[in-house]
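There are structures below to look over.
Each of the next two complexes has subunit A plus one other chain: subunit B in the first, subunit C in the second.
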Partner chain A sequence: MVLKIFFPQCCNRADSGLLVGRWVPGFDSVVVLAVIHYPFIPGQVKKYLSEMQSAIQLELTVLGSWSMPKDGQEGMDSFLKDLSTIFPQGRWLQLSRELGKRGFACDDEKEKVIFIHYDQRKVMLSHLHPAHGQEPAAEGVSELRLVFQTVAQSQPLFFLDKYDDGPIKLTHWQSEGREASILVELIKQASVPMCLVLTWLLSLWTQLRILNMWPVRFVSSKLSTCVQLSHRTEHLQTISSPRRAQQHADFMRKANIFVSFLVDIALGLLLISWLYRENRIGRLANTLVPVADHVAKELQELLQWLMGAPAGLKMNRALDQVLGRFFLYHIHLWISYIHLLSPFIEMILWYVGLSACLGLTFALSVVSDIVALLTFHIYCFYVYGARIYCLKIYGLSSLWRLFRGKKWNVLRQRVDSCSYDLDQLFIGTLLFTILLFLLPTTALYYLVFTLLRLGVVLLQGFIHLMIDIINSFPLFAGGLRLFRPYRLAEGVKFKVLCEEPGMSLHLMMEINPLKLSTAVQQYRIPTYSCYPKDSWAALCKKLFVGDLIYPWTPLHKGSKED
Partner chain B sequence: MSEEKFTDINGKPISLECRSHSSFCREFVVSAPKVSLRAVMVCTCAVWLSAYAAFFVTKNTAVLSSAIVTTLVGMMVHIHLIKIDHERLLIVGSLGVQVSSCFASGRESATFIEMSSIKDIVINEAIHMQRVIYYLCILLKEPSDPNGVSGVVPLFQSSKPRLNCLVKIYKSCQEILGQC
Partner chain C sequence: MLNVTKLNRKRKKTDNATWRESGAPHWLKSDKDKGRRHGGAGRLRTLPTASVGAMGADGGSEAAPATPWRKVLYERQPFPDNYVDSRFLEELRRNVGVRRYRYCAVAREAGLVAQQVSCVAAVLTLWSYMAQGRLSPFMLLGASLLCALLGYVLYEALGGPRGSERTRWADLQSAAIFLAFTFGFSPILKTLTESVSTDTVYAMSAVMLLAHLVSFPYAQPSPPGSLSLNAALFGSVCLASRLPGALHAFAMLTCALLVFALWPCLLHRLRNRAPWTFPWAAVLLSLAAVTGLATLSLGGALLLVLALLALTLLCPLLLLRLQRHKDNIHGPWDEAEIHEDLSRFLH
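== the complex of A and B ==
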């Protein structure tokens, strides 16, 4: 069998010493983690290794000896052989390298050896993702995964370096001295009290919400601003938990939420700084009422057109007049309310615009709510038209069955034949005829108002799509993939390093990063929006029958009126 | 290290290079013919002549600049994403198999499959359009069923060598797989 030695690149030029690492269980391979230099006291080395073993929970052992003789250092061979008696273990490796030659030699091994060079810092920081279609639980027996886990778990081993005053002098990736950034350390120190403060504030806020009674809760479930507020509160609760994230997925989720929250607020502040300059709010408020007036006027003209002979169709005059006047009166009421509110609109807009400092998503949800409120009359007309049409259709279908002598059996949920009395048949046929001839009028009103409602729904849907994208896009994962691609690893790549004749095989192991699309898909933040579950066919059927369509309902509300 | 000339299933010349790094590590490189200068000139001339004709009709210089931009972008996309220069198979006994394809711009995309998940390397037949072709593929092990195959990874998909080339590679791979 071939022995695979995973050798860190930082130890290529290390002075002679002992190799410390781990034998990978179940495979014929070994991971070298560090080199301990001469002079050392074997007792202290053993004590240090047992301390490390309890800290890391891995079986760290002395693997063998490493010799890179400098000028004038001869006669190490017998010394190195004697070392193997001091440290008891199963196998003893003796690696050596000569200055001027690029290859290593592994003495004393009759079998073949492969040296796999790896970049210790990158392997330590990276997370190997499970391959396509495999669950993480089934991954235990992969050799590479064990190697990655070994290096990642050995972080405490890399704290001591060459310049420390202790008895042990190690070479590993941090052996030139540990680097740290002041900003990062300050942020780490400040983050714990900040998290506690945030948790306390959020607990106050949630206690406040419990006191809300049913009407407020009903209203807040309809307004998308309140839904967005509760969603962000959940996010903040996730971030502000003072426990460190243990799993990689939890850490990525926290980081993604944090970064997208910051970007959201930054965009919101940018919007505020643009909006509150040059009295744009005043101009916006001044155009809002004329726009509402204009919409109402257009609706009135539309209704006048429907009350006449729309597109050449001949309507039933009486029903036409009744429906038309009913809707016209509604529009008149709506316009009066708008005019009543018009002096306060600028102030309301000014204060509501300030909510954009909570994030761009809030500004967009406020816009969506304003659109919903301004087109409330269209929604009402749609509901009236749909209900009348729905009643008519159900009545028609039931009387059509009577016309043919059949009946709907509620117990058996099927159509059965039934013998009706003569007067039942007479009244039924009369009603059927009336409903049938009134159908075109109601159908036309229903069609017009459904189209208007669908237009408004499309607009609101587009705004909600924007909000959803901002909410769910994992900016941290995308940025990590672009700037530190080795941290999200899909696999590894090997390159054969040019060999000299007679030397063993040397391979260079590099990290193969995850594709950007896979990274974004995997680390998407889950959001509250549920896209319409109906297929196009179901939607068309609902429209035809006259059932009310609700394009979206918040997920946590549960019941959808389908 | 030896280089031989073969043909692919469409009759175009390809070359196979076998390198043996050690007794258990071998590398096979199948190279497709490079981007031909004649094809590039023909495409560019066709696009620019049609752009000049459009300019003659519409008298709008935006047509010419858009033709230039289209040609440049098209060429960059072709050499970076479409045109595969050579495909490489690196087999290291008891470690695994690495399959990589190198594009004409130098970009290399590699996949490594560990030896513990490889069941075997075989030559399969496939029906491709109106003919039957041979292709080399790696069979992956199913974790739950020792006799099952969980997936098939086809090799040399863009160069598509013929059977004589595939047999050479197959024999070499089987020697290494038989050792571990």
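== the complex of A and C ==
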């Protein structure tokens, strides 16, 4: 069997002393965490180790001795051998290195030894992700994972540096002195009270009873601004919880939300600074009413065209006139409403534009809502046309069965023959004839309004897609992968450092970072939008039959459309 | 009368002979007929060598065994596998259930079809008159209502099982519903086919009326068949939408309803209660239709007369003549038919 010794690179040039670390349970390997130098008192060493063990919750032991003799320090070998009697343990490693030579020697004749050098700081900071395709919960306890866990959990061991005047002198990656910056310390101190304040404010907001009443809830579920607001509130609640994140996934999620929130607000402030200069709001307000007028005029012209002989099709004149006049009246009402609002639009826009300081996503949601409100009449027309068409199709299919003398058996879900009464037959045939001849007219109106509605929904869908991307993209994880790739590890790779015959094999362990696409996919922030459940075939069938297609509303359980 | 019956009996005998002689295949002729006349289903017969020679592989080499061939598979018999006994297909019966038609009866029943055709022709004539403006809708409406009333009185006078389904009140309700709906929808109906070209309308009506004639339940006209009534009404709605006014459409539809929906019920009752009136009614109707059509176009009237004559006189003759070519075979392989009255199991 081969013994694997994980040796930190920082201890390559350490003075002689004791090796402190952990035997990896279940595997034939050992992780060296630090070297305790001479002079030391064994009792104090043992006390320190037991303190560390209770702090870290790992089985820290003295592994063996490390000797790198400098000038005037010969004759240590026998001293080192005697040490094994002082610190009782299972195995005692005796590693030695000579100045000028590259390789180590391990005085253990029983088995072969492989030295694996690792960068202690990087391994301590990195998180090993499960292999591609593996479930995170089903990860087995592998040797590598144990090694990473050992180093990551031994952080308290690395607090003693060479400037501490204690009885024990250690060498590890931080023994040259810990770095700290005042800003970071200040932020850390200030973050706790800020979190508390934020939590209190959020609890006030969520406790507002008025928001739970039915009309407000209904309206707020339709407006995407309110949905975005509630989504962000949830995010803030996640960030501002005063407990530290224990799991790596929680920490990443918090960090991602925080960073994307900051970026969102920054972009929003940028938008505000651009929008409120040079009276752009005023100009926007001045173009809004003419745009609405233009849309209404186009619709009126469309209806006039339909009321004539559109595309050479011959429509039933009476029905045509009725439907056309009905829709024209609606447009007239809508235009009056817009004109009524026109003096206030600039002020409304000014105040609404301020909400972009909450983030770019808010600005986009407001745009989407404005589009929805401006095209509300198209939505109404679509609903009317779809309902009439749906009724007609339903009536026709039922009356066609009556025509042939059959009936739909609801219990058996099939078509059965049926003997009808005389009056049923008469009225049924009359209605069937009427519906059949009025079908082309209704179908044309339905087609036109459905196309218009689909256009508006596409536009809104595009805006929502933008919002979704900004909401869910994990910027922190992406940045971490780009600038500190060792923190997201997928695996390790080994490089041969020194392979001399007669000496042990020395390998260098380097961290393999996670692929960028995998990192982004894994750390995506979940958002509220659902993806369309209907396939294209089901959508076409719904369109043909006249079922209503609902737009991009998040809380709706019905069908969605891209 | 006596002569007629003698004639019928003679015809029966000759008919039998004709069928038997023409029907039997050549290889079953001689022995089979004898066997049938003597009822030889269960008799033991020795094996005639002539029949074996006609079909067996080794003709004449087999000596006649003592035991005759039996129609069982569970016993080993001393016959070859492809042995065909002389009793093969002796249970075959030809044309057992064939009815012998009488010309008069068939002609009488064909009168129903002719009558229906003339109904359609009458409706078309009335429509044509209204379209040309020679008939005012009020007159047609009045006449239809009067006829409906008369027909109802006649229906009640003929009596018969009323049943608990329909009371007079229900009938009145139905009539009110018909009139109200038709009157209410008549403005819509008038403009229904404005945008459809005349040729299409005529073609659709023709197809629908033809479908009505084809799918009419001639055997049992009283509950009107769905498809036939619907097709007739669809065709008449198409035609009514071509008339100049809403009232015209209303009158036309009332008339069509009367002729296609209510008249067959009355006719059925007439046939059941007073069968002697039925031919007179049919003849009267045909004459009325022909004369009506004649005032519009002589060619049409001529065509109608020819069609009616063909239907009533020619087609029954054809049916009778073709009966001689009937060749149904029956035997013990037929599906079982239940002749008992099983309704006693219902109670």
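The definition used in the following text is that the second predicted complex is superposed on the first by the 545 of 562 C-alpha atoms of A that agree within 3 Å, B and C clash if a C-alpha of one lies under 4 Å from a C-alpha of the other, contacts with A are read in each partner's own complex, and residues count from 1 in each chain.
Convention: a residue touches a chain if its C-beta (ideal position, glycine included) is under 8 Å from a C-beta of that chain, and two chains touch if they have at least 3 such contacts.
Note that the structure is a prediction, hence the values are computed from the model and not measured.
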When subunit B and subunit C are modelled together on subunit A, clash or fit: fit
Partner chain in contact with A:L543 - subunit B first, subunit C second, else both or neither: neither
Vertex subunit A angle, Cα centres of subunit C and subunit B, expressed to the nearest 10 degrees: 90
First, second, both or neither for A:N512, with subunit B first and subunit C second: first
Touched partner set for A:D28, first subunit B, second subunit C, both or neither: first
Which superposed partner A:C380 touches (first subunit B, second subunit C, both, neither): neither
Subunit B versus subunit C as contact partner of A:I427, first or second or both or neither: second
Partner chain in contact with A:K112 - subunit B first, subunit C second, else both or neither: first
Smallest separation in angstrom, by C-alpha atoms, between subunit B and subunit C in the superposition: 55
Interface residues, subunit C side, partner subunit A - complex: 174, 177-178, 181-182, 185, 188-189, 191-196, 223-227, 229-230, 233-234, 237-238, 257, 261
Complex interface listing, subunit A residues touching subunit B: 1-2, 4, 28, 112, 114, 116, 138, 141-144, 491-494, 496, 499, 504-505, 507, 512
Subunit B residues touching subunit A - in the complex, by the definition given at the top: 21-25, 27, 90, 92-95, 98, 100, 110-112, 114, 116-117, 143, 180
Subunit C contact footprint on subunit A (complex, rising order): 314-318, 402-405, 419-420, 422-423, 425-430, 432-434, 437-438
